[in-house]
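Look for chain A in each of the two complexes below; its partner is chain B in the first and chain C in the second.
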Partner chain A sequence: MNKQATKVGWLLASPYLVYSSVFFLIPLFWALYLAFTNWNLISPEYETVGMQNFIDAFFSPSVRAAFWVTYKFMLMFVPIVIAGSLFLALILHHLPRWKGLFAVGYFLPYLASGVASSIVVKGVISYNSPLNQFLRDAFGWDIDWLGSPILAPLVIALMMAWKFVGYYALLFLSGLENIPKEVYEAAEIDGAVGWKRVWHVTIPMLYPSFYTVTILAVGLMFGIFTEPYVLTGGGPEYATHTWQLEIYNQAFEKLNAGYGTAVAIINSIVTFASIFVFRKVLEKWGGKHGWE
Partner chain B sequence: MAGSKTWKVGLLYVLAFAVLLVMVFPYLYMVLGSLAPWNEVDRKLIPSSLTLRSYEWLFQGGEDVVPRPWLRAFFNSLLVTTASTLLMLVTAVMVGYALSKVKFKGRQWVNNAILFQMFYPSIILLIPLFLIVRYFGWYNTYWAMIVPKAVNLWAIFMYTNFFRSIPDELIEAAKMDGAGHFTIIRRIVWPMSRSITTIIFLFLFMERWVELLWDMLVVNNEKMLTLNVLLAQMFGPYGGYPGPMYAASVLLTLPILVLFLLFSKNFKEGMQFILK
Partner chain C sequence: MNQRKWFKLAALLMAAAVIGTGCQGQTEKEQGQKKGGSTVQIDFWAAPNPTQQAFWKKMADRYMEEHQNVKIKVSPMPESPSSEAGIQSAIAAGNAPVISENISRGFAAQLADSRAIVPLDQIEGFDDVIAKRQMKSTISTWKFADGHQYVLPIYSNAMLFGWRIDILKELGYNAPPKTYSEVIEVGKKLKEKYPNKFLWARADLAKPTWWARWFDFFMIYNAASNGMHFIDGNKLSADRDAGVKTLQFFADLSKNKLVLMKETKDPFESGTSVMSDLGPWAFPYWAEKFPEMKFNEKYVLSMPPVPDGMDPSQAKTFADTKGLVIYASATKEQQQAAFDFVKWVYSDPQNDLEWLKETNLPPARDDLSTNEAFVSYFEQNPQLKLYAENIPNAIPPMDNAKMVEIQELIGKEALNPVVKGEKTPDKAWEDMEKAINGVLK
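Our next item is the complex of A and B:
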């Protein structure tokens, strides 16, 4: 460690240091201050209001909606995306040829803009769409997809699953490819064949991939904005009202910058705590089965 | 026995192909919707004939609606995304190199700061970030969309890890020959990291290209909107023009697909590193 290296090191790291001071540290402290004010984004006058924003948020129906909507999304999205991506990974893993070609194809949805895919989804389920025509003609079902508080979140969860299933499949695939052949051979000698083999060898060996995918999928649900913004605007009756929509609406539509910041802080605490709990539960569950 | 195996493999391919169809279906629907006659958009799965009317509307305008600046928005997206992505790549290579190959005092400290920041929920910063950008006088300018997105922590993290796998001896040997750090980056480190750079570039470009919330906040001048924002905001008032919607969606999707398919050869190699 000489002086020269120190100079060069700091010089090379300077873009990060400058960036983080201006666009991380300053806004961070600013946020911690703003959350305790009643500033409205425009007026030069505002005052500190103590914990009032946090108290208001606690009793606010829209914040409560955002809180529960996130878990509702999770309940739909996480099982679908895990089952789906594992399924895709298993297909890819067993394909003797053109594996890469199919993998690229499955990955394509990940590249789509949330706005563009929302437009397509809105078209596919619009009143006169071929799908709805078919459901009407064949079963007499007249479904108002985005008008139903149960179906609207499901539509968004399915759309998100479509987008992420190929990406997570690649995570599972690399997990599958990292299982050494010897493990299977040893298991076969011990009599593990068929489903036994899947349950006692494949799934435990895939545990790290399960863990990563679950945590990623859970975390993702706390940050949804584009899809509900374009598709439902948070409706019907707050059924798809996410944290990000709440923060955006409060701060930039209703101009409650102080209150919006307080909601953002609550959102990150809830996110952090939820992911922590999920991690602990997963680790405990894995540990009980001797997986790690 | 051999017969049953062929049968199984055949079934696997049928399955794989069926899944592929489901995955690309929305893309097909989008393209067909953009080419369909306007009275068949969202009403027929396969249009009875194809027309370029939606694209003409997009670029030349219709009978009763002044055309929105789609080309300008496309250009805005291209400019903002390219500038941000290149800056993110350059800064990530610089910082990543410093953290992995320059043994400087405080290196561990910087490394920890980056890790902490990566797992930090950035939503808290949204409102004050907006205020800072407005304070700088960047509201409604390209700066607002480029500068706060010029450094990417994930990219730094990836490059740091990748450069660690480059042997130190190589760097030392170059230093013996009198090469400075910038020459080493340009001549040795950069060329060696081509496959991972491809993937990082694709991910950064894609994420920047589809950014909605930030670009929507810092710009409200019609001429400055990115394509993604324009499309999102057109959705309400122009809901009666689904054909052009799909045409604009195609316009939004195409650059990413082209880039991705162009680089798909390096995909697997680079991906393996990213997924580790």
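Our next item is the complex of A and C:
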């Protein structure tokens, strides 16, 4: 490449480089520095505390809770959302007409604000809602939806699955549309029809969509904030206490910005490591089925 | 391209980036202009509530008509994820306003601790405002441990309990109970007649949410302790006897299944519960959604119950109250100009009346229930009169920078386990004291 072309390349890339420096690189280095201080966000004075914030975070019950709660959410959310969105995509794929209209309809919850949908859910499961009234009258069940350490995360996971199922279904739908007809015809000749066809042809052929949806769903679990903030506040007994809640509480409620930043950095490392492991597992599984 | 041209291009890109990063530079430039010129510009952040914004906008417009050398820009404070977080971010970014309302005493303690706000009592004209607005008694409880006043209270909601008088009458009572044993007795009668109803529906009792303690623990504790400070300076000064009695009251309510600790939609309005912690913000909501909620027909108001043997007429309560602060980052000239505006607003009780009409929030004045300016309004809105009368009996939040952690510990170590029957009140109080002392070290 000649010198002139290199210069033009740098020129064209420069807006992005400047943007990244201002909005990503500088904040990143600033956050790294902040994590080693006891700054409270508003005081003109603060001092460096070395690794203390990281040590405190390591021994903090609320950080430990956030770590495990994320995987608990993952265990509930990921299978539900994958099964739900795949099922929805299969239905949409086989619709004779108005496929797009239905797809947009199921996509709409994704656009709804987390606060609004949380308030709706809160209404639906409130003690005197028609649903609970019915459960009490018909079966004598008085369910404490948000007061139980098992049910509260399940409610949040289900609600998030409802929000994301339409979005992920679109990804599966595009995967389904891309499976060549010839593959199905060949499978049919070999006797694969009905569910056999779905199990042995469709699902393996959807590997790229599975990969994308799984990684997106896993990544999402590290960033949950609004739903537990509105519905449970992280309770009961830290059962829904997420990383983002911990960071928010420390930085903005308790004014421990330095410590909050340290927690945010730990969260980033855990997120990166977890997604890396998931990617490797999925790639191994994909490799076994001919996807390189 | 030669080196000079490359330098020009780089400078241009940098300039674009700086413009793109927001308006911080613009604000600083504007402030510089203010310093140089004869006009003082004041950024006033109002609460993110349309009625409060409308009030301050109106006041600012009127003031500017009379004072040509002052420009007041009223705008709502950022409220995402909370107004406190918005203010903190603004201070950190160097974009704090000159003055803002909507500041609780607890948050002001955090700001004062970090020297982000100035002591108002050191600004010229402070004593005049206190005298003219008749708030000597109300503001006395706002003094910080360092002897300064950092917040000028605007409104004070002396939190009261609402009681469903229609249901109480069915149970044979013509007035709400005033002592702990009377409350439990009413609760037992309620359960006999209506097993599915509860005395109090409050899901927050089972949660450690720090601010929830203002509307349960502190309402009851302030009444039991005759308003004794929970924290003094950096020391836990809570009245142990009153605190244990408070926890015992919650334990008794729970033991007798009189509290519903599940999320419930409008439990008081629907009659699922017969008592509720109530602020005057409920009334406009009721007027729109529950017009049948009429004062003295469906509900009455009372101060919090007191332990047996105490005089209920002396009860204290929690003050849900917010005020004005002036930020340290503003110039001295801006700080004084902002305070002069405040002084002008509060020198006329008609402005407080306008505030009351617009927002339904009782102005923080000692004479609110007696001043003629407000009499006719309270005659038309008798439900607000009790709030006004009890302003001097309402204790604002603690002035400690660790307030959030302290109140979280009250829930976590004491109130939550007591209502769940996991700890005795004595043990809970002991654990809470230990934990709070650990934070205050």
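One rule holds in what follows: the second predicted complex is superposed on the first by the 270 of 292 C-alpha atoms of A that agree within 3 Å, B and C clash if a C-alpha of one lies under 4 Å from a C-alpha of the other, contacts with A are read in each partner's own complex, and residues count from 1 in each chain.
Throughout what follows, a residue touches a chain if its C-beta (ideal position, glycine included) is under 8 Å from a C-beta of that chain, and two chains touch if they have at least 3 such contacts.
The shown structure was predicted, so the numbers you read here are calculated from the model rather than taken from an experiment.
**Q** Both complexes share chain A, so when I overlay them there, do chain B and chain C fit or clash?
**A** Overlaying the two structures gives a clash between chain B and chain C.
**Q** Which holds for A:Glu188: it touches chain B only (first), chain C only (second), both, or neither?
**A** neither
**Q** So, does A:Gly235 touch the first partner chain B, the second partner chain C, both, or neither?
**A** Only chain C is touched by A:Gly235; chain B is not.
**Q** Compare chain B and chain C by how many residues of chain A each one touches, and report the one with more.
**A** Comparing touch counts on chain A for chain B and chain C gives B.
**Q** Contacts for A:Glu283 in the overlay, against chain B (first) and chain C (second): which applies, first, second, both or neither?
**A** neither
**Q** Quick check for you: in the superposed arrangement, does A:Leu255 touch first (chain B), second (chain C), both or neither?
**A** second
**Q** Does chain B (first) or chain C (second) touch A:Tyr19, or do both, or does neither?
**A** After superposing on A, A:Tyr19 lies in contact with both chain B and chain C.
**Q** Taking the superposition on A as described, I'd like to know which of chain B and chain C A:Gly123 touches: first, second, both or neither.
**A** both
**Q** Considering only the touch criterion stated at the top, classify A:Leu108 as touching first (chain B), second (chain C), both, or neither.
**A** first
**Q** Of the two partner chains, chain B (first) and chain C (second), which one does A:Ser174 touch, if any: first, second, both, or neither?
**A** first
**Q** Would you sort A:Leu146 into first (chain B), second (chain C), both or neither based on which partner it touches?
**A** A:Leu146 contacts chain C only, not chain B.
**Q** With chain A superposed, which of the segments 129-137, 183-191 or 201-209 in chain B collides sterically with chain C?
**A** 129-137
**Q** Of the residues on chain A, which ones does chain B touch that chain C also touches?
**A** Chain A residues touching both partners: 7, 15, 19, 22-23, 122-123, 126, 128-129, 229, 248, 252, 257.
**Q** Quick one: which bits of chain B touch chain A in the complex? Just the residue numbers, please.
**A** 9, 12-13, 15-16, 19-20, 23-24, 26-27, 29-30, 33, 41-45, 91, 94-95, 97-99, 102-107, 110, 113-114, 117, 121, 123-132, 148, 150-151, 156, 181, 206, 209-210, 212-213, 217, 228, 231-232, 235, 242, 245-246, 249, 252-253, 256-257, 260-261, 264, 267-268, 271-272, 275-276
**Q** Would you tell me which residues of chain A are touching chain B in their complex?
**A** Touch list, chain A to chain B: 1, 5-10, 12-13, 15-17, 19-20, 22-24, 26-28, 30-31, 34, 87-88, 91-92, 94-96, 100, 102-106, 108-117, 119-124, 126, 128-130, 133, 162, 165-166, 170-171, 174, 223, 225-226, 229-230, 243-244, 247-248, 251-252, 257, 260-261, 264-265, 267-268, 271-272.
**Q** Which part of chain C faces chain A closely enough to touch in the complex?
**A** 1, 9, 13-14, 16-17, 20-21, 81-82, 84-85, 88-89, 91-92, 110-111, 113-116, 201, 203, 206-210, 260-265, 267, 270, 272, 401, 404-405
**Q** Within the complex, which stretch of chain A touches chain C?
**A** Counting only chain A, the residues touching chain C are 7, 11, 14-15, 18-19, 21-23, 40-44, 122-123, 125-129, 144-147, 229, 232-233, 235-236, 248, 252-255, 257.
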